[in-house]
Each structure stands twice: as C-alpha cells, then as structure tokens.
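The structures come next, written out as structure tokens.
Look at the two complexes coming up: subunit A is in both, with subunit B in one and subunit C in the other.
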Partner chain A sequence: MAERRLAQRQGELIDRSQEVTFQWEGRPVTGYAGDTIASALFAAGTRVFSRSFKYHRPRGLMCCSGQCPNCLVEVDGQPTVRACMTPVEQGMDVKHLNAWPSLRRDFLHLVGRLTPSFGMQVGFYYKTFIHPRRAWPLYEKILRNAAGLGKLDPDHRRTERFDKVHRHVDVLVIGGGEAGLEAAAEAAEQGKHVALVEEGLALGGQLAWGGPRSNGRLTALVDRVNAAGVEILQPAYAGGVYEGLLVPVYQGRTMHRFRPAELVIATGSIEQPLVFGNNDLPGVMLASGARRLVNQFRLMPWEQAVVLTSSDEGLAAALDLADGGVNVLAVADSRRDADGSTIEDAGIEYLAGFQPWQARGSTAVTGVVVKRDGEHRTLACDLLVMSGGSVGQTALVSQGGGGIRYDRDQRRYVPDSLPEGMRVVGAAAGSAAAAGAVPAQAPKTGCKQIVCFCEDVTTKDIALSLDEGFSSLELSKRYTTVTMGPCQGRMCHRNSGLVIADQLGLDPDSQRVGVTTSRPPHNPTSFSLLAARGYEPVKRTSTHHWHAEHGGKMLWAGDWKRPYDYGDGDGEVDAVHESLGLIDVSTLGKLIVRGPEAAAFLERLYPNRFGDMKLARVRYGIVCGDDGSIIDDGTVARLSEQEYYVTTTSSGAGGMEQWFTWWNAVWKMDCEIVNVTSTIAAFNLAGPNARTALSTLTDFDLSNEAFPYLGAGHAQIAGVPCLVLRIGFVGELGYELHLPAAAGEHLWEKLMEAGEPYAVKPFGLEPQRVLRLEKMHIIVGQDTNAESNPLEAGMPWIVKLDKESDWIGRYAIEWYKRRGNRLTLVGWEAQNGGVPIEGTQVVGADGQPAGRITSSRFSRRLGKAIGIAWLPVEQSEEGTAINISDPKGSTIPATVTHKAFYDPDGERLRS
Partner chain B sequence: MSTVADPFAFLSPAAAEGVVLRTPMERNHRAAGAEFDDRDGWRVADYPSNGDAPAWAADISHHGKIDVRGPHAEIDRLSAGLELGRASHVDGVWTLRLSPSHAVVLCPFPRVEQLRSRIASESEAICATDMTCGWAGVMLGGERVRDVFMRSSSLDVRPHRFPAGACMAGSVMRCGSIVLNDDARFWVLCGWEFGEYMWESLLDAGAMLGIIPVSATAVLRSEVAA
Partner chain C sequence: MSFILSCPNCGPRAVDEYAYGGEVTERATTSEDERALFHYLYFRTNTGGDQREWWFHSSGCREWFQAERNTTRNEVLQVARPGELTPSRGPAGG
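After this line comes the complex of A and B, so read on.
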C-alpha cells in the first residue's frame, strides 16, 4: 500500500486507517475504505480495465465520474458495474468484461485489426455474415458469444429485495454541486421540504475534486444544507423526468418516485473528450478524471503529463494538476489566440494552435504527436490529459418538456423554455466560462479516432454512414449507434455533431446537424429497480379458495380469478343437464338504480322498454352506444316502484357504472346509481333438481306457479338474505342467488351440501360456455364487436322504436332499420364431426371470405360442433349450407340455424 | 313476491342468521397462525401481538360501512357541514365527506342497519346503502405507518397535507380506495374482491420495515373502548 499515494489532505475521500481487500481477476488487491474499485486498482498498478465494445481495444480510466464505459467490470456476478463509482467492499469479487481469454491477451482484439477487410465497420451486420446462408447457425453462435457486455448467470436467483417509495416534496434538486447545494439550502431556509439528489461519491461537484482551494466553500455549503434540514440522497441518480415532473430517483435498491412541486435541475456540465488518433489508449484521460484521482484519491503515479485543450477549462486543469504534483510537460492548446500566460508562468511549455494528431503507444500511452500547420512535435508522456471544453447536462430538461437552444457564444446547448415548476441553475443553465473553441477535426491518420467510446464508433464510421445517405445526426445515430451506449451521448453527442458538420461542410455553429432526442432512463438502470415490488391487482370472489381447494383450475378472466373447470368439464356439463350444477357468478357487475326517475333513466339508456316492468320481475337488456352498437348486456330487476337492480357483464361492470353515471350527470335526472358489484356474491344453481335442492334451504315458495321464469324475490336461504332471480344463461331450470359477499362461502357450502343427494357438481367457465352456446346465448364482445347492432345480432325484439322517450343509439338504429341488415348473427351446426376454431372464416362459393365464426364448441349432448357466426344476409336463411375454413386446409360443412340448439322452446328453462 | 321493507336488504350481512361471516383475508390470517373469535357473527382474526412494532396492520373488513349519496344540501345537513376531505368522529361513528354529494359512514357492525335506516329516513333524496361487504378494510399503524403507505400509494400523506381527521379517495396498491387518517392510523378501504390482494400487498410493502399483523379488536377504537 506504499504505492504512489500523495500526502493526506483535506478533501480526500479515502480513510487510510481502514484497509479493504477484494479480488481482482482472482488475485487479492488492497485499497482503503473510501476508495472506489477503480482508484484501488489504479493505486495497485492496474492500467487496463476493460476492452472496448466492438474492437476490443484496451481501455483505461478516462472520466472517473461514471460517464464513460472504460471501467465497466463485473462485481460479485453482476455485470456492467462502473468501477469508478463503486466503493470497495471487503471480499468483493471483481472481474473483467468483454475479453477472452483474459484482459491482457484478448483474442477478440484481432477483430479490430481485421477491419475493414473482414467488415466490422459500421453497418456490418447488414452486409456481412450472410454468405453462405447455411453458415448462419455458426455465425449466430459466434456473434452471440462475442456480442454484449458481460454475461448473466441464468441460474442466479436474487435474494435481496428491491423497493419502491412514493415521495412528495416541495423542492427536488437534481445535482449536488455548488449550484445545487446553494439552491437546496436557499429553499430549505425558506421553510420548504427539500430533497437533493447527487449521483457522485461526494457532494460538491467540481468543488469536491477541484483541489484544496475549494474545500472551504464546499464545507460551508454542506454545513448550510445540513443545518437547513435538506434531505440528501447520495449516491443516487435521477432516472428521467416524466410528465407532471415525476422523477424516479434510484438509490441502492430503492426507486423513489418523486413528485415535487418544484424541480431544480443542477446537473452541471460534462467535460468533453477530443477526437484524434488513438484517443482511447490507457493513459489518455479527461482533465477532470485526472484531477479526481489526484485530489480525491491522492494518486499520482505518472512520470510526465501533456495536456491537450481547446478551452480555458483545460488551462485551469493543467495548473491544478501541476499544483497537485503532476509533472506537466506541456499544454497544447488548439486555439491560436488564447492567453496562455498563466501556463508559461507556471513553467509549463505552452503550444498555442497545436492540434492533437495521434497518441502513441499500444496498451498504454507513451507520447503524443501534435501539429500546427506544417510543424509537428512529439511529446513523451505517460499521462495524456484532454479537455475539449464542457457541455451542459440538459437531457433532463428535454425529457421534462423543456426546450433547448444553441448558444453561439457558449457554443453549447442551453435551456430555453421551461415547463411550469422547473428551474435550471448552475453550469447546466449555461456558462460563459466553459465555452470552448470548436475543436478542429482530426486529420486522417492510420489509426482509429474514437468518437463514441461506448459503441466504438470512429470518425471513419460516421463518414461511411454519411456516404451511405444517413445525412443527419439522428439518421447517423441509428446506423452507427453513436450516442446509444451507456453514456447516452454525454461523451459523444457534441463531437459526433461536429464530425458530421465537418464531413458535410457545414458551419458547426449553424446547428443544421441537429440534436438527438433524449429519453429516459437517463442512466443505465437495472430491471430489478424498475420492477421493484410490482403489484398486479387480482380480484377474488368470496368462494375463490373453495374452488381452488376443490380442483378448480383458477385462470385469469379479465382481472378476476375464476375456475376454468374442476377437472371434468364434460361431466360438469352433463350434471347441469341431468341433475344439478352450481357456478359462481359473483363477478357480474351489479348496480342499484333508485329514485323517482329511475324508470325514466333506464328507458333512456336501453333500447328495451322498462317503464312497464312489473314489480318482482326481471328482464334481459342490452345497452347500446350512440352509434347503435351493442356495448354490454345484462338483466334489470324491478324491486320496488323506484328501485331497480341491474346486472352487467363481468368485464363491463366498471364501464357500465361510468356510462350510467356519465349520462345521469348530463341528464341530471332524479336518481342515484350505486355500484354494488363488490358487495354481492352471486351463484347460479341450475339443473332439473335445482328447485328440489334449493327448497331444503328456504321457506320461499319456489314452485313454478308462485315463482315463474323471470321472477325476482327475496328469500332467506340457509340463513342468508338473498335476492333470487329465476333466470338462466345455461338453459336449464335455474336460480341466480344474490347475497352479501361475506356470507358467500357459507351459502356455497350449504348449497353443495343440499345438492349432494343429487350428485351436484360445481361447474366452471368452460362448461358454462358450452351450455350457453347450446342455447345460442351470445357473449357481448365475443359474438359481437364495435359494429354489431341489435337488429343484425338477431335481437330486433329488444328494440322498442315506438318508445316515446329518446334513448341512446336510437337515431343510429333507426338508420340501420331503414338501410336494412347487411349481416346477420346466426347459429350453425357442423355436419362432418369437425370442430371449427373460433375466429375462422366462413368460405363463400367463390372461395372468398364470407363470414366469421365467433363461437364454436363440440356439444356432447348434441353429438356435433355448434356455434355462432356472422354471415351476409343473403347466406343467413335457416337451413343454408355453408363451409367453414379449417387450418388443415380443408373446409367443414355446416348448416345455418336460427333456433337454439338445445330445448329451443325453453321448456326446460321454464319448468 | 312479498312486500319487503327494504328491497336491498340482501346487500346487508346484518340480516343473516346463524351464518359465519368471513372477511376476504381469512386464509391469510389462518396461514399466519391467527386464531379466530366470533364477533357479532363475524369470524375475526386474533393475533398474539398488540401492535408493538414499527408498523402493524389489522383486518377491519368486518366494520360497518354505509354509502350515503344525495344532493349537496342534504349531505351538508347530514354531515353537519363537514368540509370536503374531512372526517368527523362522534360516538364511535366516523363520517367521511368525500365529495359534495357523497359521504361514507363507518360504525361498529351491530349499528349498521339502525344507522342506515335512520340516514335513509332523513330524506327521500338520500340514498343510504349498506356497503359493509362492499369494502374490505385494512388499518395501518405504528410509527412507520407513513413509510408503509408511501410504498403503497402515490397519495400525499405528509402530515401537513393529510392531517388527523382527513380523508380522501385515490389509488392504493393500484386499486381504487378510500383512506382515512385516524390520528396517525390509516384506514384503507378497497373493493371487497381486492381484500386479500390488498392485505398481502400492504404486508409486503411493510416487510422491510418490520410490519406485523395485529387483531382488529386491539386497534379499533370502538372495540377497544368496549
């Protein structure tokens, strides 16, 4: 540990009293508490941390701030961890990514040497690995193993939990640099509830890594923020800004979903690399990266440094490095007319107007060649610092709906229009001091000039994309993937724009190149954080567990869990026809409509007539939209002069409540609508023995004379108050019992007990579908669609065009009536034992589609497949022969019928 | 059909005789090792712990609930001018004013039918419905109650935004819910069909905070007082 650490100083992040040992590539490395993996490895002599994405070029530390991809490693099995942002922990197991067999000797770096001849240049996947075609399986295997960054262990199971918290604050500040701390302190001192988010290892931004001169200011600001009670989340990062200023902040294993009243964006600016030959060699660093290593981790392993710059920021960096003990040989400033006197005063050679041309070295930088006009200089160094000025981090502004504009003086994009509640402060808002000269484009060299470090996109790649017609930044991005890597354009958006401008001969300040669209997530984010505790609401009836415990195959039916069947679908159908069945229909929508104008209200909503309904009767009804299409169906029971009980389809419950409530708000009628879907459990007891079995549980007179079909009555059944509706969806004698949900399981058990002598079977959704189909009862949404009107759906009897009051859909249905039907919903019976698939076509005589099968099942009782279909009117007469397509290529002959397949006269139903 | 005083009596479990009334969370309680008490016809979970934990949850689904709707003026009168988003607690009965035309009354189950009838009789324009089985209920409490709630809903429950005696309707665990602040204990009411899901989700949300299930009888004021 006595390697090249500088003397202890205020502002350093390491705790020299605590050593931490971890594994790197299977060998132990010791650092200090407070070190990052990167700084500890750097202190131990590591210079190559990774291999680049495509060309497998050796990469070393560059930014030390989590922006570039150069230090991505695997930690304890988790890939793509930024070593420069991850504190060391005892026992960590750190490995390289993206190299084989080792980081030092990576076979895949040959790829880089084979381009362009083998064709790994941009767009290669459209042009290579396609011949011969039969070799594709081999190519695919190679590419899959070579592609990507890191590997996931498919057998790995997470044991740790991820969390999600909803947060409300008065002010959320993103960015804990000087401007962010100032804004947070000021707001908190006004009594506001303030939270501040900082993604770095320490608060302060440049104050933290800019050297000892800024320590006092930083300490004062931090003290002020703490005294004001600002909540600090650090390290944490804002994942984006969504509509309504929703900001997800990720901290450790928690997603904080902030909804601030005011959002302050203080995300600062990012130093930009320069583009020249071999600008990605280990040892080539951003000035801020080198300063972080020196000032925060007290590392200074280099013998000699050269600084390349195009802005005053670079000059300041050179002086700071020199102050920190770095031997700065020279500063090459691409500007010809900048003031380099402070550099010269510090005894550093100042080379005005010299452009970087090429870095020298293979696995580490050994020098740099700079040129001005015809003159060139070769400077030996083992640290090559580049500083291309900085650009404001405005991505979150754009994501939050703010506009940005190009400022010609600053030569950067700055926020322009901001949505209400958003404010931008500090360097992100713009900074004249950060303005830099536009770096001249690197002359053609024989080596790669990296523009996008994440995706290994070079100047040549961009030129090729322009040649192939991708003539803007947005188009070139899609072809080259520049700005699409982990940095999301932070390190390369500006330079890629400048390269394109240069290639197209455009003024770089004209902004005709354009910008790319910033989208969240702002930082690479794990799916675990996004998923966190995902909750999927599930509706269960009061007898859910009884079904599951008695063999019910519980499946999703909309947002309910319902039993498909109980393991014997055919037997369940037979039980209903021959003796007794019981089904849980608690999912039906149920609405109370009560008030002096309840009847008039229903008359307006339904094409049916309800005004003449007698007490204690129930009637089937459909609801139509304004366009006359069927949107739901159900029953209406009249329970008193002014009180009606309405049922809807299970999936239509919420929609129908909205429909009813909406129209009542428009008409302002004197009635109330109350949704009691949750409150009521409902069971349908059906079969020839339904009356007999039910009679054992109640004194209510269930005889056909006292309680005929379509009657409604109140009864106490097994001690439970029930509304009994004598209706039937499944075609046999049946009673639908509606009761308080809390008594559901009790009554269900009593019904099953009472039905035992009759071999009662519970039956599920699938047997119910067969039974209803035998009666040709439609299912809205399956047998009908958004264009189905009741006339064509075979229900003209429901539509009362002679009603005095207007009703929803009347105008449209009158129009349909005048026009005449074009389609008809009919039944069909297969003739050859085949069972058509729902959704298949009816085939016309000319072989063209002539209708559609909406329902299809095999009925054991009838010994044939039956169903419902939409047919053109001319083919819908009773007895018409039709052909139904079969996926096997043939057709199934069938016959049209308009009558229910089973008990067409309803004798069993009304028995 | 016989004449029935209240055609919607079938909504109310109060009219059940000799019936075991169950909440949607019964299986959860059973799996957690709770024993059961019979209280007013309800099978109510009895847990050994009485709430000495950073956060706790109690199944209060058996508590009486009445949905009251009507013209603004009538609801104003019935609620003694309660402001929107406020609730009052008198004689063991909570009244929540959720909208100008909608209020909810929470009371011990044995008093539901009497209260409902009394409210309905105040005016023909008033619609009072027994929703005891319409809403399942979970009460959350403990010093970390807001931390549990913040993991369940984006509703703003900061003390100055949602003080004691405040109520609101909104989404909790992605379900439409009614929330009442009963002096740093939150009542969360959701559709009965969501009861089991809500219980499991809230306990999951509080798992990392050390939430425990407790008996409703230990935390419902009316029952504690009794």
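After this line comes the complex of A and C, so read on.
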C-alpha cells in the first residue's frame, strides 16, 4: 500500500499516520484516513470495480468524482454506493454489485461476447423474449438475475433513524468550488445567513484537485469563508430544485428542506468522455479523474500514459499529470489547428488532428489506435486519458425553472433565463474556457463504443433507434434509456446529442438536437431519506400505559394507539353483558359549539333537529355531505341554551373540525367551534352493574328517574369534574364520562376499584365491535361508504325534510327521496355455523352479486353469526333468505332481519 | 407543489402547512333543478389559470380562508378571510 503512493505533497487528502482497514469481497484492505473506498482499493491494486449493467463489461475508475456509474458498490448491505465519494471507515464491508461468480470472472460477460453481430441491441428484449409467450416467466427470472444494480434484502430492518429538517436561510450555495466559495464568502460578509453544500470530500473543486499550484489560493478562500461564518454542509448534495426554490439537501441521515431567499447554483462543469472503440476499458480515465488520483490521493501506478483530447483542458491535464510524475508518451488532439507548443516544450509528442479510434486490451488498456485521415498510429499505454471538454452542470438550473440555450461560441449549453431568486456562477454559468472542438463523429470501429456507461447504450443502439423511427433525442432516450441511468446524463447527455446530430446529418452546433428534460432526483437517493419521519406523532390516550401494563394488545387506530383487547375478547363481551366493563373511548372526536347561534348552526349542519333539544339531554346525529352521503356520526349534548357538546367518530375528529369550521366560514354565524379532542378523556362504564358501581364514587343522582337514558349532566366523580352522558353504543346500561385528560389515569383506576366487587373487566376495540353489532349499530366508513345516504341506510327517521331551515345535504336527499331507495342496509343472521368474511358478496338467485356484507362476527351469546349488509330493496324484506359468498367456494345461507339482534326494544339500555 | 401561501392570520408559510379545500363554488339551494344540483355537487372547472379556492391552515391557526391563485404558475394573487376577496386582482399576500 505505502509503496504505491507518491511522496507526500501539499493538497493531498490522506493522513498517512492513520491506517484504516475494511473488507473488500471478504478480504481485508488497508488504506489511509482520508481515502475514499475507491482510492484505497486502487492503491491496493484493484482495477475492476464493477461490471456494466447489460453486457457485464469490466469497469474501472473513470471520473473519481461521483459522476459516472463505474464504481458503484455495496457497503454494509446498502447497494449502489459511490465508492469514489465515500470515505473509508474501519471495518466497513464492501462488495461488488452485479457479477457472477466474481468481478474478475463474470460469466454473464459472455452475453455480450457470444452474439457480437446482433448483440443485445436496443429493443432486443422486447423483440426476442416475446416468443413463445408462455415462456416469459422463465425469461423474466433469468433476465432479472442478469440485469440491474445490486440486490435489496427484503428482510432488512431499518435500524437507523432518518430525519427531515426545515431550513430557512438568506442564501443557499450549491457547490463548493472556487465560484461557490467566493459567492458564499461575499454574501456572508454582507451579514447574510449563508449555507453552502459540497458533495465531495474536499472544498475547492478544481483548485483542490488541479495540482499544487492552486493550493495557496484555495487555503486563502477557505479561510475567508470560515471567517465570514458560512455554514458548510459536507459531504451533502442537493437532490433537486423544486417549485418555489425548494431544495432538498441530503446529508447523512438527514434531509434538509432548504427554502432560501436566494439560491446560488455553483455546480461547475463535468468533463466529458470521448466516444471511440472500447472506451470503457479499465484504464481509460477522464483527465480530471486521473488528476484526482495523482494530486489528492498520490497514486501513480501507471507505466505509460496517452492523452486523447479535443480541447485545451486536455492539454492542461497532460502537463499536470506529467508534473505529478506520470510518464505521458503522447497527446493526440483531434483539432488540427490548436497550439500544442506547451506539450512539445514539455518533451511530450503532440499529434495534431488525430482522432481516437479504438482502445486495445481485454480487461485492461494496453494501448490505443489513433487515426488522422488514412494514417494510423498505435501507441502502447496502461493509462488512457480522455478529455472531451466539459459541459456546464445546468441540471439544477432547469429543474428550478431556468431556461438554457446553446452557446455557439462556447460550444455548450448555458443558462439563459433564470427564475426570481436564482443566480448561477462559475463554470455552470458558462464563464470558464470554451469547450473547444467536438469530435465530428463516432468512428465505425466494429467494437463497442459506449455512449451511456450506466445502461450500456452504444453508438449502434442510438443509430438503430433512429432507424426504427425514434427520430429525436427525447424519443431515442425513451427507447434506448440513454441519459436515464444513475448518472442522469452527466456522462452521456452531450455525446448522445452529438451521435444523433451525426446520424441525422444535423449541424452539431445547431439547437435542433436539443436537450433532454432534467428531473429530480439529481443523485442516487436512499428511500430511507425520502421516507424520513414526518411530524405526525403517535397519539396516546391518558391511560395508554395502564392498558399496555394490563395486557392490552395495542394497535393503530388512525393516529391513535388503542387496545384491540386484553387477551380475553369473549370474556370481555360477557363481562359487559353480565356485570360490568370499562372501555377507554378518549379517541372520540370532541367539539364544543358555543354562542347565541349555536343551535341554529347545528340545525343547518345536521339532517336532524337540535334546536328543540331540552337542556341536559343527548341525541344521536349523523352528519351528511351536501351530496346526501353519511360522512360521520356521533352524539350531541345540550349543556346550556348556547352550548352544545358534540362527539364525532375517532377517525373523523380532524375532518369534522374542518367541516364545522368551514361551514361557519361560509355562514359566519355567531358561534365558535373548539376542538377539545386531545384535552378531554372519555371512558364508557357499561353493564347491568354500572349504576351501582358508579354510585360509590359520586353524590350525583344516577337513578333512572333522575337521570334516564339519553340524559346528560355534570357530576363530580372521585373528585373529578365529569360530563356524564347516558348512552349505549354497546347495548347495556352505560355511562360515558368525559373529563380533563390530566385526571384520566386517576379516574380510570378509581373506576376499576369501584368495579372490583362486580368483577369489572376492561374491554378493547374488538369486544366493543361485537357488542355494537349485536345492537346493529353502524360504524360510519365500515357499514357506509361515499354513496350511502341516510334513507337507504335505514335511518329515514333522522332526516327532517320538514325543517324550516336549510341544511347540508337537504337537496340531494330530497332528490334521493323522489327517486326512491334502490339499496337498503339490513341485518342478517346465519345459523349453520359459517361466519362470512367482511366485504364478501351476497349471491342472488341468478348467481350474480346482489349485495355486500359490511360487518360480520360470531356472537357467542346469540350462538350464531350476525352482521350487516347492503341489499337491493326487493330482497331486503324481513325474513328473506339470502346466500352469502364464501371464499372457500360454497355459500353461507342467512336470513334478513331488521331488528337489533340483542335487546331489540332497548329495555336493558333504559333500565 | 411547494409554493409559499400567506395565511391572513399567520403570514407567509410553506404550502405543506395547509389543507386544500377546493374551488370556491356557488351552492345549489333547490333539488328541483337537477342539472344545477348535480353540477354543484359533482363538477369542478379544473381551471388552468386564475382560480378562487378554499384553504385551511391546518398546521397553524386552523382557520379557513380564501385565495386567488394562478394554477399553472402557482402564483398567489390575493388571500383574504372568507368572502372578502376583492373582485379584481389585488397584490399577493394582501
């Protein structure tokens, strides 16, 4: 390892005093602190880092800056990690992604070799694997195995926590190169709050990797930025720019949602590969990639290098590499009239006008053929540097709503119009040296010339797509998937445009080729970050811990956690029927409607009447949409002339608050609506012994004469001020107590104590569902849906069409009444032992679906299956025999009933 | 959608703080005219352009208000308490 590094020099990123050991393909590799996975592996002699997506061609380091797909690896079980952007950590486990059995000997490589004349050209899958059709599942299995990047472990459980943070700054700078650092320093020196995002391990961009000459300038600039108080997020990347300049910045396990007053794009430029035969062989590198290895990681394992270029950038790179110790044999410049004197002065052969033709070698570069007119030159080398000029990184500009245009002088796309609040600086703005001549056309060498390194798209594929009628860049992109891989077009956007221009005979400098649309995400982004936890915390009732400690099986109920049961559902049902049960119903929505027009407001909101209610009474009500559908139900208690206490379903609490306040925003009546759902706890004490037990805790007269069914009153119970509602969702004598949530646990324990002589049992959600079904009480949203109106739902008595005031749903329900009912909601019972599943169909005489089961349970008390169903009116008479479909294939015979299954006359409720 | 919307009570906030309440519509008040009733219940204009709409500040004051917004550019032209939008365009955030 040590012997592979050059002598220590200013600007290197590694700390030679600190060794780091990690696993690569199961073997230990040692690098230095400051190394990336890629540089440490390269130092240890690794040259093949991955196999390509389709042909499984060996791939080595190319850009060393996270732009190309060549070094994607799996790290500690996470696939598609960029090795060249990830610092080494002690003990990390790094593996290759998609080769079998190993990177060096990948049998799948034969796929590309065996069919050289036809290859797996674009569209190959669609055209080949369609015959015979029944074989597709087999083909799919094989193809899925061969294609793709990495494997996800379906059993993986997330152990880390991912977070979202909202950030507001004056200025957000994306890119920590020279231009970005300057823009950030300048703004911060004016007193603005500035954040800067840098993707790489080093600030400074080209100043950092461009060789020792720029080190002084870099140090001064970084000092200035730090002195000005710029906040630096590094390594971190901007995932895109969304409407209103919203920029998600991903850093480690955090997604920062930045909304800056000003967004500065300083994303620089990306050096482009050249297109020639075998241009993806390990050992073919971008000039900037080779310079990073030499200047930042002090690696120089090559014997002899050749530089291929079409711009002055390649000439500067050749000199820097030579300066760093690389033996540069020759520079082949595809331009005929450029000035190569600096190269010749350095003692390097300069080949003007020579086009790259084909790289030699099978798993590593051994040489290159370059061509000028009819003249060939073959040069031996183990490092082939290519520099196709650079293009401005304008993807984020386009995403943010900026326009870009082709600049003929610079031969690249530059920002044109910018949205308000966005500024582009540095090379992304097109201010750097011109890209220079572009290669006129890709050579016809007979071996693969890769345009898109991510998806293995060759020049031939693009030509074929045009031949088949996909006659523009955007269409060809969709057919060939060029620009659609992990690099998002960074390596292929320009070259695919040039190949298309060549094929169509267009001037490569004309705008007509166009650009493809850039969309987020701009970088490979983990789903864990996108799914980072939001801001909706779990809701727990005041007695949550009591339930959990007493065997309550807690489950999600909307935003809440509620006990399903306490381990003995049947026993809990029996306790309510025979003696005493207690359930926590704090999740019910609770609204106070108060004011001079409170009564009039409810009259207009509900189909039934509330204005005529006596004080200290409670009444059941349903809420309808203006289309007449049932949207919620609950009770309304009149506490005083001007104050009502409204309960809603648990899941409907938030929606009903919005519904109530919305209509009052329309009507502007003189009343206020207060949502007290979370501040008020509620318990229902139910069973024949409820009165006796509760009497021991209060002086309030609970006798049937003083406080009958549907009474509402204020009482001190065990010292806690409660609103007591005498209602019976579960069908027995019961008292629903509403109290300050802070006293919830205290009162709950007192109630359990008072119930002890009666063997009180706490009961959960599931026993409650059985109990309510025995009473044929509906659950809105389970027994009803968006098409259920109260006339068909068996509640015509609740609809007061003769009310003098207008009310919500009135006109639709008038219309339904004129039309007549088509369906009706009824009960059914099945005595042959079968219990239908909820949601199953009722089968008509003709074998067709004729209704739908909405609720179904076995009632031990009644000894039969009972439930609720929607049936056509003509099949809904009391006593009608129906057949219910069973998934096992048979049907379950059942009988229609209209009366509650248990205590149909409500004697127990009223006792 | 990630634009900024101004609540008349709380001021400018990211749109994620609000719940959208749909287009401002004229309620039908008869069942006799079926076409008008169903049009009110089931049809929306789905305007591409300036539109008046309801918003609920669910992560803030929990009050309803109205906004006039260009739905193609997501430019908020004016916001107001219910029923107080000015007939002609006003300045955003007004």
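We adopt the following convention: the second predicted complex is superposed on the first by the 566 of 911 C-alpha atoms of A that agree within 3 Å, B and C clash if a C-alpha of one lies under 4 Å from a C-alpha of the other, contacts with A are read in each partner's own complex, and residues count from 1 in each chain.
Criterion: contacts are C-beta pairs under 8 Å (C-beta built on N, C-alpha and C of every residue); 3 or more make two chains touch, one makes a residue touch a chain.
Worth saying up front: this structure is predicted, and the values here are computed from it rather than measured.
Contact with subunit B, but none with subunit C, is seen for A:Ala718 once the two complexes are overlaid on the shared chain.
By the touch criterion defined above, A:Ser417 lies against neither subunit B nor subunit C after alignment on the C-alpha atoms of chain A. In the superposed pair of complexes, A:His193 makes contact with subunit B only, with no contact to subunit C.
Taking subunit A as the reference, the larger set of touched residues comes from B, when subunit B and subunit C are compared. Contacts of A:Gln18 after superposition: neither subunit B nor subunit C is touched. With both structures placed on the common chain, the touch criterion links A:Thr378 to neither subunit B nor subunit C. When the two structures are aligned on the shared chain, A:Arg259 is found in touch with subunit B and with subunit C.
In the superposed pair of complexes, A:Ser703 makes contact with neither subunit B nor subunit C.
By the touch criterion stated above, A:Ala741 is placed in contact with subunit B alone, subunit C being left untouched.
Contacts of A:Trp662 after superposition: subunit C is touched, whereas subunit B is not reached. Subunit A residues 166, 259 lie at the interface with subunit B in one structure and with subunit C in the other.
Looking at the complex, you find that subunit A touches subunit C at residues 166, 242-244, 246, 259, 626-627, 654, 657-658, 661-662, 665-666, 668, 675, 806, 810-812, 814-815, 818. The residues of subunit B lying in touch with subunit A in their complex are 1-2, 4, 7-13, 15-24, 27, 42, 61-62, 67, 69-70, 125, 127, 129-135, 147, 150-151, 153-156, 158, 161, 173-175, 191-197, 201, 204-205, 207-208. By the touch rule above, subunit C contacts subunit A in their complex via residues 1-4, 14, 19, 21, 27-31, 34, 37, 40-42, 54, 56, 58, 62-65, 74, 82-83.
Contact residues of subunit A toward subunit B in the complex are 161, 163-168, 193, 257, 259, 533, 535-542, 544-545, 560, 586, 592, 594-595, 615-616, 639-640, 643, 645, 670, 672, 674, 676-680, 711-714, 716, 718-723, 738-747.
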